[in-house]
Amino acid sequence: MSNSLGQMFRITSFGESHGQCIGVVIDGCPAGLPVAVEEIQRQVDRRKPIAGTFATARTEPDKVQILSGIFNGLTTGAPICMIVTNQDVESGAYARMASQIRPGHADYTAFIKYGGLNDFRGGGRFSGRITAGFVMAGAIARKLLQGIGVEIIAHTSEIGGIKEIPQSYESIKKNVDTNPLHCADPFAVDAMLKVIEAARKSGDSVGGVVSGMAVNVPAGLGEPVFDTLDGELAKSLLAIPAVKGVGFGSGFNSVTSKGSINNDQFIVKEGNVGTVTNNAGGILGGISNGEPILLDVAIKPTPSISLPQNTIDIRTLDPVRLEIQGRHDACIVPRVVPVVETMMALTLCDFAIRAGLIPQVLNHDGKMKSHGSTNLP
Amino acid sequence: MSNSLGQMFRITSFGESHGQCIGVVIDGCPAGLPVAVEEIQRQVDRRKPIAGTFATARTEPDKVQILSGIFNGLTTGAPICMIVTNQDVESGAYARMASQIRPGHADYTAFIKYGGLNDFRGGGRFSGRITAGFVMAGAIARKLLQGIGVEIIAHTSEIGGIKEIPQSYESIKKNVDTNPLHCADPFAVDAMLKVIEAARKSGDSVGGVVSGMAVNVPAGLGEPVFDTLDGELAKSLLAIPAVKGVGFGSGFNSVTSKGSINNDQFIVKEGNVGTVTNNAGGILGGISNGEPILLDVAIKPTPSISLPQNTIDIRTLDPVRLEIQGRHDACIVPRVVPVVETMMALTLCDFAIRAGLIPQVLNHDGKMKSHGSTNLP
Amino acid sequence: MSNSLGQMFRITSFGESHGQCIGVVIDGCPAGLPVAVEEIQRQVDRRKPIAGTFATARTEPDKVQILSGIFNGLTTGAPICMIVTNQDVESGAYARMASQIRPGHADYTAFIKYGGLNDFRGGGRFSGRITAGFVMAGAIARKLLQGIGVEIIAHTSEIGGIKEIPQSYESIKKNVDTNPLHCADPFAVDAMLKVIEAARKSGDSVGGVVSGMAVNVPAGLGEPVFDTLDGELAKSLLAIPAVKGVGFGSGFNSVTSKGSINNDQFIVKEGNVGTVTNNAGGILGGISNGEPILLDVAIKPTPSISLPQNTIDIRTLDPVRLEIQGRHDACIVPRVVPVVETMMALTLCDFAIRAGLIPQVLNHDGKMKSHGSTNLP
Amino acid sequence: MSNSLGQMFRITSFGESHGQCIGVVIDGCPAGLPVAVEEIQRQVDRRKPIAGTFATARTEPDKVQILSGIFNGLTTGAPICMIVTNQDVESGAYARMASQIRPGHADYTAFIKYGGLNDFRGGGRFSGRITAGFVMAGAIARKLLQGIGVEIIAHTSEIGGIKEIPQSYESIKKNVDTNPLHCADPFAVDAMLKVIEAARKSGDSVGGVVSGMAVNVPAGLGEPVFDTLDGELAKSLLAIPAVKGVGFGSGFNSVTSKGSINNDQFIVKEGNVGTVTNNAGGILGGISNGEPILLDVAIKPTPSISLPQNTIDIRTLDPVRLEIQGRHDACIVPRVVPVVETMMALTLCDFAIRAGLIPQVLNHDGKMKSHGSTNLP
């Protein structure tokens, strides 16, 4: 373990890919937030495979059930437990090859850590499916953040070497859900699709970059020197399977810049302190500065490929030639997009509560609740 | 919040008295522990009201469902989620009086803390029913502790002023489940039952003391100076509704003793260091010393009584004369007994894992697992 | 370990009885609190032995040094490190008998836990002297609490079987520092002193009870179901050496009461909700209810006595007859009084910050600071 | 706050750049580790500015003092507090411009977060000097890791666009301390020095990449799904001022690779499971796989530059033209090298203790200590 994330807004994840359900408990959600199961459902649906050649064959209805913490349509301050049940579970193919540890997957490390006792079916706890639980919790976090004006959006900015032209927040918002790749640059979509299709045909896979943005983030979020905003964001994002790197603002590009260029000059914008450029990605000294949070997440090529691979059998240590059957994507990047938004929301929400910006009891409009409008009959 | 307890063996509680279910997630359970749902069920059944005049009228089947973390009958190292659903929910009586804050209950403090938005039905999160979730987790903790020889037993040692004659571990074990009061002294049971019946008839209630004992606890558990064994036990026990005090060993009786009497002399017993007496209750400097852990828990008289009581209506602040309808016990003490065992088990298990005494992967017999006997097909 | 306490106002203790210093780091203190070293010194001085026959012979100047976190007389939001150096260290007597484990002390359990490697001189980390660090941090916590009106006071309510007559807050405040026992009942002091003197003459020791009270505590402090206000108070208090039990409100006395008597009726007092009696000790459901917090702490008789005692030598396991030389008190109870206040302050301050009642930036008068009055030149 | 890092091996940082001292408390260090102050000193000295044109002018003796936790040359299991005092403090230049918030620095965000009350002198808590405390703790962590065979080494792999040719562990070890840049490729040093000198002459600064490697890391470290090894490493590394991105293994380069290339094939190497390539950087599913941990850290160009910059005065919000006086480096990258090693050591040590690989009591040779060889006289 540990399957909990956050200090004041803390989620606990449970469930396995081919077990009974995927679930999450949120502890620390303020009382008084209106929550309809449909809102949670909508976010969960966004991470489903999009129809098309590149998507996994597994199709789950993923119907969200809220087990606790909501009363008369409002959060109560009590822990919120939500689950989606697993139904389309066909574990046969996995079982056959469970001892043949798949390159690029957690089969071997999970075997070592849990003494071969982990539920390996469908990747168990290491499946991307686990993120359905994160997304349910993230839907609540986003709603809390919206109450203080924060909006979060992520998009595919690179796939298989094809990069989008950088887009404005408005452009991202407009384009991100108009194509199956969640790409913000409509002119890059075709090329990306071709790269994916080529990989799929050759039994291979490609990776990419998901870029995340949060706007209207108040200055002052982050708890240095160790619980920095960037540090906690990175930790959250690295919990997403296949993420291998995180950069903030100009990130790895800053290393070839100069101080005179990379430093963001301070100015006054409409009465508020802001910066001319945003190479810092909205974070200085581990604390938000009021500019948009900008980050890039490196997604490695999907490790499940059709091409035969060399590996070993962990029971016998004999070499084997592995041909992975079953479901897999030639490119997982677009499905990571809503999960990046989710992890950003969970982290920002936790910091907003730690900073006292979201009170522990909300009015329906996000303000402190008077005694006059309670759940009492 | 916080609805999580423990560092390395951490439980997260969710669910409300009259919501859909009561549940718990265990994070940090070592892999390889055989768990059958029947074992969990047995512990949950022990906390049910015992047939007789003093018991609450609510009867729940409380059928345990394991949602995650068990595969092929063994724990996997993944979070274990378990629930019991609520069925015998008749909230009408509660709703009618929800704004009339009940003396001795958490109605008022919950109202203040959650802005009147908490699920008040049946006490919501403050109901004794919540402890069903603790007990499910405690069943796993006890089994882990049994693997290193630790046994935990609690019993009713005082009710309504009637005290049992102190009993040996063997006597407690023999007698505790032979009477509906979970009392270890058979000769005290009748007098206790009479006191309870008298209270019931007069519409009143009585309190008592539950005594807990853990034997074969290895020396060295506890993490001073702040996470002491006694400190964490006290914190756990005070999470049980109606507990108002905790003493260790001679506890509050030690204050009238002398150093020369209260100090436990060290001797060698069968090759091991031990003490002649056990006024320390097995704990010195916040660390177990190898002698039995002994503790007493003060349970206040059940606050729900039939007698009319003066209180106020929290909406209007007008005085009201409250007559509590619905279910309530004249004495809750016996039902606390399995919960005291539970909280002791949870705390001791957490410390045993922190001390490295329970490894993170178990063999079926409690030893480190070789690669030869995994869950792999 | 663990040597840290608290979630949002977290202290970390370090130092040994006969090492270089006793120290503490506070993390999470809001910025803007005026702190003068003299204020801290005053609290540290209160825990010094009071002149008289019962006091330990060790006399330390205990001059407080602030190493970080204060700038221009104000807290900065950065960690505050404070130390007192050890000077009157004469470890010879301890060293001679270090392998003769003292009954009632942590010598044996520390030996087991740390493999005989702990600094045993003067009790090392298990000495009451460690609490000097707690008291330095508590002085800051008290000042933060005073900013929201909370006052904390403790006093000796029982020594060696002599109980004081219960006193009002005003009476406690008036009397507590007028006698060396920190007793609130002037008529009980003489009898208590005689009991202590008798114990001293016979080479023995006595215990007692310290009662703590906090007034003007806002309703709503405490984070159920596990981080209850009473649970965290109990945990804090059990970190004080020699504490063996804690009760809240009527505590262990409630077990012989009836529900109709023990329940505190709600009324309206000067426009606020309150209770007629306070058997709950100001805590219901783990949350403060606005009435004074009342608690009792059981202190065992000082384990260090002059009378010879039977024990063993931990190196040889041979029986030895131990005569403890060096400094010791016949009654430690009065010296625990400021430490009980300290632990209450630390816990209440942490909960007040968790509840958002103390903001993370204070004005000099305890309110949010405008940009107009900073530390900037 | 928070100024603590780690779960079982937890450090707490305190002190300010121009305050009395920089310090650290380690909680959770096993007992029995031999520690000489000279060993700590050696690591602290490594992070000092290296003689040459690019180094800061501030020269501190940085003499390490151990205040607690060591007895007879061994750790005791108690918290270890260590400090270095600040001496070469000349704050005048900083004070003059404190309200002129420096681009690329934390001046503005700290002002917002701490209401202008933070100790701004020399950057206060946001100065790179704070890392001296990390390094003291890291020296202990490294020694514990060495006891289980783990070695950690970092080096400068890129400065101002000049990249080294990738080097083997042996080559890094041989070359890293032979040049002031801590670069592993001797042939790249000259070009890097020229780039730095050019930046310095033009009043500007350059950034770069520090690469970290840990060898002999046992498989199984990391606590998914949230406390992943990569996630916690990233969080630790982002606590270093000027770090803007972290990648593991092929990191951001993996996004242009294919699954068939990026997947590391499993093989058996000398009886152990290993991989042919190491694009995963030794981490799969958040858990170490036994291959070397490889990571890259992006360091932005030093924000302190001599060139005049546009910014505002935070008191008046007026635009100002800022010329930073005082000490600053044209390239901070080489000084980050020992800090990257430090953060890796702290994180790996914490996980090794969490996994039970380092016991809580060590023999002098790293094994469990018998009762026969203690600190007792």
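Read from first to last, the chains carry the letters A, B, C and D; within each, the first residue is number 1.
Operating definition for what follows: a residue touches a chain if its C-beta (ideal position, glycine included) is under 8 Å from a C-beta of that chain, and two chains touch if they have at least 3 such contacts.
Predicted model, so just to flag it, every value in this text is computed and none were measured.
In this assembly, B is the chain whose CA centroid lies farthest from the centroid of chain D. The chain pair with more C-beta contacts between its two chains, of C-D and A-D, is A-D.
Once the centre of each chain is set as its mean CA position, chain A and chain C turn out to be 45 Å apart. The distance from the centre of chain C to the centre of chain D, with each centre set as the mean of the Cα atoms, comes to 38 Å.
For the pair chain A and chain D, the distance between mean C-alpha positions equals 27 Å.
Residues of chain C in contact with two or more other chains: 1-4, 13, 113, 125, 314, 360. Chain A makes touch with chain C in their complex at residues 7, 355-356, 359-360. Interface residues of chain B facing chain C in the complex, by the touch rule stated above, are 1-5, 13, 101, 103-106, 108-110, 112-113, 125-126, 130, 158, 160-161, 199, 203-209, 219-220, 222-228, 230-232, 234-239, 241, 244-252, 254-268, 273, 275-276, 279-281, 283-290, 296, 298-305, 307, 309-312, 314, 317, 319.
Interface residues of chain D facing chain C in the complex, by the touch rule stated above, are 1-4, 8, 10, 12-16, 19-21, 23, 25, 27-28, 31-32, 67-69, 71, 74-81, 83, 95-96, 98-99, 111, 113-120, 124-125, 314-315, 360-361, 368-369, 371, 373-377.
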